[in-house]
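In structure tokens below, several structures.
One chain, subunit A, links the two complexes that follow: it is found with subunit B in the first and with subunit C in the second.
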Partner chain A sequence: MSRPIVLLRGVYGVWLREIMRATRDRGQMIGGVSRPLIWLLILGVGLNPYFRGEVFGEVRYVIPYTYLQFLFPAVIVLNIMYTSIQFAVSVIWDREFGFLREVLVSPMPRSLILLGKVLGGSTVAMLHGALVLILARFADVTLSIEQMAMALGLMFVLAFGLTSFGVILAGRVRSFEGFGVFSNTIILPLYFTSSSVFPLDPALTRTQTATAYPEWLVFMVQVNPITYAVDALRGILIGFNQFPPIYGPAVIFGMAIIFFALALVDFSRS
Partner chain B sequence: MTAAISVEDVSASYGAKMALEHVSLDVPRGTSIALLGPNGAGKTTLINILCTLRRPDGGRASVAGVDVVSQPTRARQSIGVVFQDSSLDDRLSAWENLDFHGLVYGMAPKERRARSAAVLELVELQDWRDEIVRSFSGGMRRRLEIARALLHEPEILFLDEPTVGLDAQTRQRIWQYLDQLRRERELTVLTTTHYIEEVEGADMVCVIDHGKIIVQGSPDELKARYGMRWLHVVPKDPVAGKAILARYPEAKPLGTHALALPANDDAVADAFLTEFRDSLAEIRFQPPTLESVFLSLTGRQLRDQADGQRDAERAAGKRGGRR
Partner chain C sequence: MNGAKPHRWLQAALNIAIVAALLVAVSYLPPDTSLQDRQRDGVLKVCVPPSYPPLVTGDPSRPGFDAELVDAIAKNLGLKLALNVLPSIGKDFNPRNWSLTRAQCDIIAGGVADTAQTRSFLQTIPTPAETGWVGISATGTMPPSGSTVAILPGTAGLDRLALSGWLRKQGLRAQLMRSPAELEHALKSGTVAAGITERFVAASLDLDINTLTMFWLDESISPRFRMALGLWKGDQTLKRAVADALELLEKSGVMLRLSVRYGLDKDIEEPVSDLQK
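Up next, the complex of A and B:
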């Protein structure tokens, strides 16, 4: 038996286990379905009429999209973020309940164990992101096959990076209880400062932006990598970019590489 | 032929506490060896080193002729491990747990199916193959873990306290499987335990305490060398008891009436009986046991309260800290 096949089997095994566990975890599934519904149905529908600047008379900012369309890509990212970072729970679980040792005494190299795990977690996260795509018609977003394929591709890479980030977190968190609070304090601020629920006006100059929004907020939006992930998906799904289009994919791929490398260092050491 | 397990001058420590001090051990192929010692003696540390989960601070260890430090991946191929705490995924079914194991060990689909069915049958869990492990009892989990450890046909099987927390019947059943396996294939089995009665069936016993191997040999050898045979007697009345004590000052009182007399020699027993035959209510020979061997070697009982306490604390610390 050639070695690559043997190793691939191992990666597949670890991946498959993550998928099977996810499909049996009702709570996670319910979260994955209810989250986009809440965000789009309540927040999206509720704010939809107030979105366009001209509604207020003084036309400060007009983008040719409804709020639902604007929010739609961000909700995909939100769903991916939740699932990816919650993936840390699976890692903590393995460690605390001893399952980790079962793989550690197997002949699989540690790097491939981690790869399988992260691939599994990212697949689940990407699928949770894809659940939002089902609501595309409701949000008035029409998609071609190519758009879908590109979006799914980027979503997977984003999920891969965030899942690796989850693994890094897991190495630093001891308890399940702590993790719930912890993950919310990370996910929601990142989400809100990613220009997900409000746009930064690309038509305004720097000073003008600063008068519309406090400078610290603009700064936070600009340094938040999730901003660029949301922007990349907006570019693909509704053709709207607030930043140069190359930024998004660059940040997404960069995160995937850096976080996975860091996770690998962590995991090989433990 | 190389030894199945070879440990040479291995030391390991957790911070300032030495878990193993210059331990050496050779186990020939096909042998069953029991590491006997109280909790915290270093048994689990030794197993962790042998299954490549922990590096020794010094010394060398190899399994199936493969060094565990320099070639951990190759060493892992030839070992099966059953850990002290369950390492099954309790959200998967028995079959899925086995299939996962097969995949991770790189087994082909056909081989996986055949072996999984075979090991499930061995531990009599074939009727439970599609049940989720969460619904399994402790004994069933343990059996499934043993089955899983055997799936990839390892040469050496490590069992860390395989029968802790199980009822007597299940314990016996598990030992039956292991004996059967050893007879059928040339499997080397290393077990740690602090149930003395389980050690009797092993080919080799290795008594370990405070990180050191105190003695090793077959159970009979150890008993012959270190064990004491005792004569337990209950005198008819206190006067007779006093008389016996006066005559045999080395006798130890057991409870309120009974006395224990060291009687390794038949002549001693005969002499005693001739003298006190008529003043005894009860008399019984207590043959040497490994328990008494352990007692005379370490000066303490295997299962004492303090150890249990320490163990509980350590387990709590392990959950809190990273290991």
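Up next, the complex of A and C:
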């Protein structure tokens, strides 16, 4: 068997292990279901009436979609973020219990071991994002095959970048407990400042936006890369972009390349 | 003796199947009470303008396409139709300025264009009716540069800026009309070489079809829009029920019959691009 094939089989083996471990883990699957249920069912339905067009004569919410439709792509990104970044737990686990040591002494290059792990984590994260798509009917989002294919492609690249980011975090955290706190202080602030639950009206100028929201918040939304990931998925799934449509894919692909490169540097050193 | 070893993917497949089934079941939960409220009251309140032919005519013997459509929808939902005629509808091209309230209307019909501007205020269900800018002239084309064209913008929210820019580019002089009657008079008297207005306003004019021809303006000037039924954002269950009723009406041929009855199936001439440029 030629060496490239052997190496590819090695990548496949690492990928398969991640997939089997994640899909057999009921706790992780429950997490993948509970988030969309909480965010769409409870928050989405709970706030939906407050984002109606008619608020006794005063119109505030001018986005041409319902609040549930607006929230739907953001919940997909949230599911991907949690699964991707928490994938780092598996890296810590492997490090603690010796699997990683065994793999690292194999003839496989470290870059390919990392690639297999990141691809495995990305696939699982994308599947968790895809679970949210099942609720499209509930959110009144109509999807074509093309939209689904484009969304899944973008979700995978986003998951790849975020999983690599999780590996970078894992390199800096030595315990499971530490990682739990760390992940929550990263995931939730990134999610809330990504224009996921409130819109920045694209029809407004910078000055007008600053009258609706404080400038520091607008700044945080604009510098947050997840903003552009949510925006890209909104563009595909409900046809609504708050920023130029090219920004989203550019940021998602940029994140995937940069974070994987950084993860590779960290992983090679460990 | 041990039994057969379960397949290695069995556990994973079971987990995925359980969560997918749970999410599918959840997707059938009603996200609001809008339909339930209508069923409890037994009435479907629909707001319409006094007249917007052929969608709403005000004539009980021929009430209009939208008026008959919402009646059929109400019957399909087992509700009594309450038509609420609001003169404020159509007074402005932005539906936010129509002074609509949830207490008056469950559905808004008869002049709601399915545009992004409308959808920023209401959620929409498109109907077969289509609108856009149409030209009216004796030749069936726009007149040469330097001619005067009568303009009646209408209230469907079509892009007036794009139209005025295009008129300037063509070297046509625009003469603003204040009412359909004024446009009709200008065309009949020949004081203008052509007229431009919204499709349904044009359809309401009493013009001699032997001397004047109606034709679509090129879509590059302003895209055409489907007309729609407007519902309040957030009334998801009502929207689903109305959409399902519309689908049934379409399958049963009622929609086609109404389209024929009100002339929505009639073709308007497509633009002759080389003459308009």
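Keep in mind that, in the parts below, the second predicted complex is superposed on the first by the 264 of 270 C-alpha atoms of A that agree within 3 Å, B and C clash if a C-alpha of one lies under 4 Å from a C-alpha of the other, contacts with A are read in each partner's own complex, and residues count from 1 in each chain.
Convention: a contact is a pair of C-beta atoms (placed from the backbone, for glycine too) under 8 Å apart; a residue touches a chain by one contact, two chains touch by 3 or more.
Note that the structure is predicted; figures quoted are calculated from it, not measured.
Of the two partner chains, subunit B and subunit C are each touched by A:Met20.
In the overlay built on the shared chain, the residue A:Pro107 is in contact with subunit B alone; subunit C does not reach it. In the superposition on chain A, A:Asp140 contacts subunit C only, with no contact to subunit B.
Counted by residues of subunit A touched, the larger count belongs to C, out of subunit B and subunit C. Legend: residue contacts after superposition of the two complexes on their common chain; A:Glu96 is shown touching subunit B, with no touch to subunit C. Once the two complexes are overlaid on the shared chain, A:Leu7 sits against subunit B while remaining clear of subunit C. Once the two complexes are overlaid on the shared chain, A:Trp216 sits clear of subunit B and of subunit C alike.
Subunit A residues 20, 24 lie at the interface with subunit B in one structure and with subunit C in the other. Residues of subunit B that touch subunit A in their complex: 51-53, 73-74, 76-77, 79, 81, 83, 85-92, 96, 99-108, 148, 319-322.
Remark: subunit A residues 19-20, 23-24, 26, 29-30, 32-33, 36-37, 41, 44-45, 48-49, 51-54, 56-57, 59, 61-68, 127, 131, 134-140 touch subunit C in the complex.
Chain contact summary for the complex, subunit C toward subunit A: residues 8-9, 11-13, 15-16, 18-20, 22-24, 26-29, 31-32, 96, 99-102, 116-123, 232-234, 236, 239-240.
The touching residues of subunit A, counted against subunit B in their complex, run 1, 5-7, 9-10, 12-14, 16-17, 20-21, 24-25, 96-109, 174, 270.
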